[in-house]
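Next come two complexes, and both contain subunit A; in the first it sits with subunit B, in the second with subunit C.
Our next item is the complex of A and B:
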């Protein structure tokens, strides 16, 4: 039956070429399209993770929902000791975040001022790499302020400029000080660059009365795919119902959701092509089957069952689909692999779409064998579905009717 | 003779009914899907642009030369009220609003966020962009201490209707000043920048708080349908920064361009595949009847008449497919225009793109006209190859052939 199918494929060239070409086109374009869509989403999420948000963050319950100094983390050192012994945790650091008003001689702006441990922070964010002017915090507990480039523009400050800070300390008392601009950074994340400034915790804790306290602890993991498991381990090890251990999926929930929405639209768009291609393959299969009715009648007359005819048609579409997929899938996979390693560069993309979380001009494609496998699976499925109607059409005829059919 | 040709074409088009129905279904389904997607995507961009115009810059906005760089109160338009009066006398201007903006920090007892306070006149805003339609919660009213908060900012500050918010900023004299406000309403403009950071307060109250005169504003926004007004205003106010909507929001232009490219590409690919489908059916249909055409040629029927018959057959198939597709597409678009596509489950995700949670489609005549031309072209082109076969056939051989 298999060889008969093979002979039929070679004999009915028109149908074979069309089915092959359409299957090839749909497989290749589906793999590349999904790789591009997933790649851009992964890139946005990973860039956001690299910039500031942690794979896991530990909060006092209520800090994110209600906020305020009552929900700060206390006994941070003790918690950090526990984190040291958890498998999968590669590093951690605590941050003290507060909002206040920063003012230069003439201009003021609201900003998030964060007390960080500069040495540890290097492993947790892109802050040091994002330096564009001056120097990164050197770890000495001084009043050096590391300012976002767009915030510096707003305040009209340069290196060594004096900036006053007004905010409230951890005990809700009034806190004010004068900082010196020592460095400026630009991560590309517009909102972050225009509203954030960093200072050494050693100095900031004295001003904010926040020794051994933190807004949250930022945790890095050795393998991001194990993040849920590590989250559970941390929760168990800390064993404190007042704490919440959150992964990036919760911390960046709206961004994750935005990516889902974008994927939905992407799949809606590509489904249009699939519907049309499905119909064309079905039409060609139908034309082919209906023009071979006498042939099928003969086969039935010499003893083949209708199930055998179905198998024959199945083999034909299977061989054609497999040949097209064997060529298209590696080609699509190679394109995905190549542009995964060498991302497409679209100059100015990050500047144009900065409000949408795009921080890089690079557009890498995602290379994931599982995704490619299910892409191929869908194409196979559609091709198999496209011969159901032709099968049904042929089986409506009795052998004698089919033999006489003109 | 032509009547016979027409009859023959019609009967032959539906001779192999199953085959023809498949082609018609293919055209109708792909066309209705394409129209729906096109309308929905255009609707999304249109809605985004419309809301940005209504909530912020209108079709044209005027700023002082430095304001868009410094965002400082000192760089406001000092004679804004006089300019507004002058603009309202211009026949091309549909509506004008004055706005006063200042960046600062909004805080509750527990949360703080970078924000922009926007002084507005509710009556003017209503005429300008139906501001009340942005209301998500609470009521549209701006009393002495009332504030209308952008939806994302409200989420960030974790405030509800009636909550107290303190806004601190630098006033016109350079002093840091604070104002206590009570949340009267929460608005969702779908303009990301405003939803994330805006506090709308009464303009007169803000002028007083910032220490600027009643004549001053940072922005004059204009609604117009005129294509020439921009140049006219640029010439009239050379000391001001007169910008069109697309200059202020170039991303919308890019989105429109991207959408156009995407829609055109989809259109081309779909039509190409539809063309292959019709061609396959027409080719086989003609081959099936090649002896019939041979006989027709033998009894004296000219090639041009056979050609007309085949073109008419293709036309019937394409036209019926188009009509059904147009109906399906129109009803789908009408439904999406009236009821929209409810994606409330992904409201946060959509909001981060600047879309509302229910997406509405637009309906343009061009969707149907361009599709009609494309389907007819695909139908006619699809028979060129089979026609060549008929033209080159040897009538005697073909008539004798046992097909």
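Our next item is the complex of A and C:
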């Protein structure tokens, strides 16, 4: 039967070539499309993690939902001592975030002012690398302000400009001071660049009366795929029901959601494409099968069962799709692999997509054998489905009816 | 070898109008016979041949192959029966277009699981007997009608079935090719003792057979 299937494939060239070419094309484009989609999602995530959000962040319950000084973390040093001994935690730093009014001589803007430990922060965000003008904070606990480029534009300030700050200290008392612009940064994330400014905690804590306090502790892990496990360990070690230890999946829930939605749309559009391919393959199989009705009638008359005929048709599509997939899958995988190692550079992409947190012009494709395997599986499945109707059609005829067919 | 008892068959056309295509057929065909169902067009030859070949069902009566009643068998059992016990030759040759002559002749033997060596020898033997041995590697579409029909005969005869059923095998052939075909089939019948039952109204066929079963309007009128 296998032999006959092979012969049929060689004989009915039109159908074979169409099926082969379509299968080849859809396998290849499916793999590359999914690799591109996953790749862009991955890089958005990684960008976001690099920029500011932590793999894990530790909060007092209520801070994220309600906010305000009632929900600050206390005894930060003690908590940090505990973190030091947890396996999988590579580094940590605490931040003190507050919202206030920044004003230059003529302009003002609400902003998030964050007290950071400049040296530690280097391991936790891209702030230092995002420097475009002046200097990053030098760690000497002065009143230097590191301002987002778009915020600086809003305030119309330059390097060395004076900026006044009015806010509320950790005990809700009035806090006001004058800072000096020492550096400007641009991450590409507009929201972020237009509303945040950083200052050395050593200086900021005296103003905000926030010694040994923090908005949250920002934790890096050695291996991002272990993040859930490490989160549990931290939760257990801190052993305080008033704390919440959150991973990036929760912290960036809206982004994760958005990417899910994006994936769904991606799959919908590619499945439309597949439905078309599927129907074309089916129509060709069907035309081929109906032109061979008399042949099938002969085969049935001389003693092949309808199951034999189904096996014959199955072999035909199996050989054709296997051949196409064997050629297309490695090619698709290679393209994904190549552009994974050598990301496509799209000039100006970071500019266009900065609101989505893309901070580089590189778009690496995702290379994942498991994904490629299920892509291939789907193409196989569709090809097999495409001959079910032709099979049904042929088996509706009795041998004698099929024989008479011309 | 084959025995029919009170076989009736009807074709239903719509609700009421039925055709009584086989009427109380009683018939016996012995091993080694070279016989013919003859009669005017539409008298039921093909219907009877298909009933004997387990290709079509009947409405009443019994058909025995040796001692087995075959008309009541399941579709699968009848399929196996056709493969293992029957050989078919059709009016339109019905060769498998993608297989060459050699593969066509050996096709049924291969389905039945004969050894490759046995198949090869048998194909060679039949091909020279039927004078198509120079065409073994050609595709059917490159052969003349007469040659194609000889390939079809060789395919049917190759596994030595109990009986060959040939429905109008000469209808698409000219007189010369018809004579050659009948000559060869008859010598196969004599050499190998293969039983053949024709359905035809062709005088060439009539001249070669040893027994004529005359039919008219669905009934046998003379044996």
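As a convention for this text, the second predicted complex is superposed on the first by the 398 of 406 C-alpha atoms of A that agree within 3 Å, B and C clash if a C-alpha of one lies under 4 Å from a C-alpha of the other, contacts with A are read in each partner's own complex, and residues count from 1 in each chain.
The criterion applied here is as follows: a contact is a pair of C-beta atoms (placed from the backbone, for glycine too) under 8 Å apart; a residue touches a chain by one contact, two chains touch by 3 or more.
Keep in mind that this is a model prediction, so the values were computed, not measured.
K.L.:
In the overlaid three-chain picture, which partner chain does A:257 touch, first (subunit B) or second (subunit C), both, or neither?
P.N.:
The answer is first: A:257 touches subunit B but not subunit C.
K.L.:
Could you tell me if A:176 is touching subunit B, subunit C, both of them or neither one (first, second, both, neither)?
P.N.:
In the superposed model, A:176 contacts neither subunit B nor subunit C.
K.L.:
Using the touch definition from the top, say if A:103 reaches subunit B (first), subunit C (second), both or neither.
P.N.:
The answer is first: A:103 touches subunit B but not subunit C.
K.L.:
By the touch definition at the top of the document, which applies to A:385: first (subunit B), second (subunit C), both, or neither?
P.N.:
After superposition on chain A, A:385 lies in contact with neither partner.
K.L.:
Using the superposition on chain A described above, determine whether A:17 touches subunit B (first), subunit C (second), both, or neither.
P.N.:
After superposing on A, A:17 lies clear of both subunit B and subunit C.
K.L.:
Subunit A residues touched by both subunit B and subunit C?
P.N.:
none
K.L.:
Which bits of subunit A are touching subunit B when the two form their complex?
P.N.:
14, 18, 22, 65-68, 98-101, 103, 106-112, 154, 156, 166, 191, 194-195, 253-262, 264, 268-269, 271-273, 275-277, 279-280, 282-284, 286-287, 290-291, 352-353, 355-357, 389, 393
K.L.:
Could you pull out which subunit B residues touch subunit A in their complex?
P.N.:
My answer: residues 16, 18-19, 22-23, 25-26, 29-30, 33-34, 37, 70-72, 103-107, 109-115, 158, 168-170, 174, 176, 192-193, 196, 250-251, 254, 262, 266, 269-270, 273-274, 276-277, 280-281, 283-284, 288, 343, 346, 348-353.
K.L.:
Which bits of subunit A are touching subunit C when the two form their complex?
P.N.:
Per the stated touch rule, the residues are 4, 7-8, 10-12, 294-295, 297-305, 399-400, 403.
K.L.:
In their shared complex, at which residues does subunit C touch subunit A?
P.N.:
Contact set of subunit C toward subunit A: 50, 55-56, 76, 79-80, 82-84, 86, 88, 90, 92, 94, 96-99, 103, 107-108, 111, 155-156.
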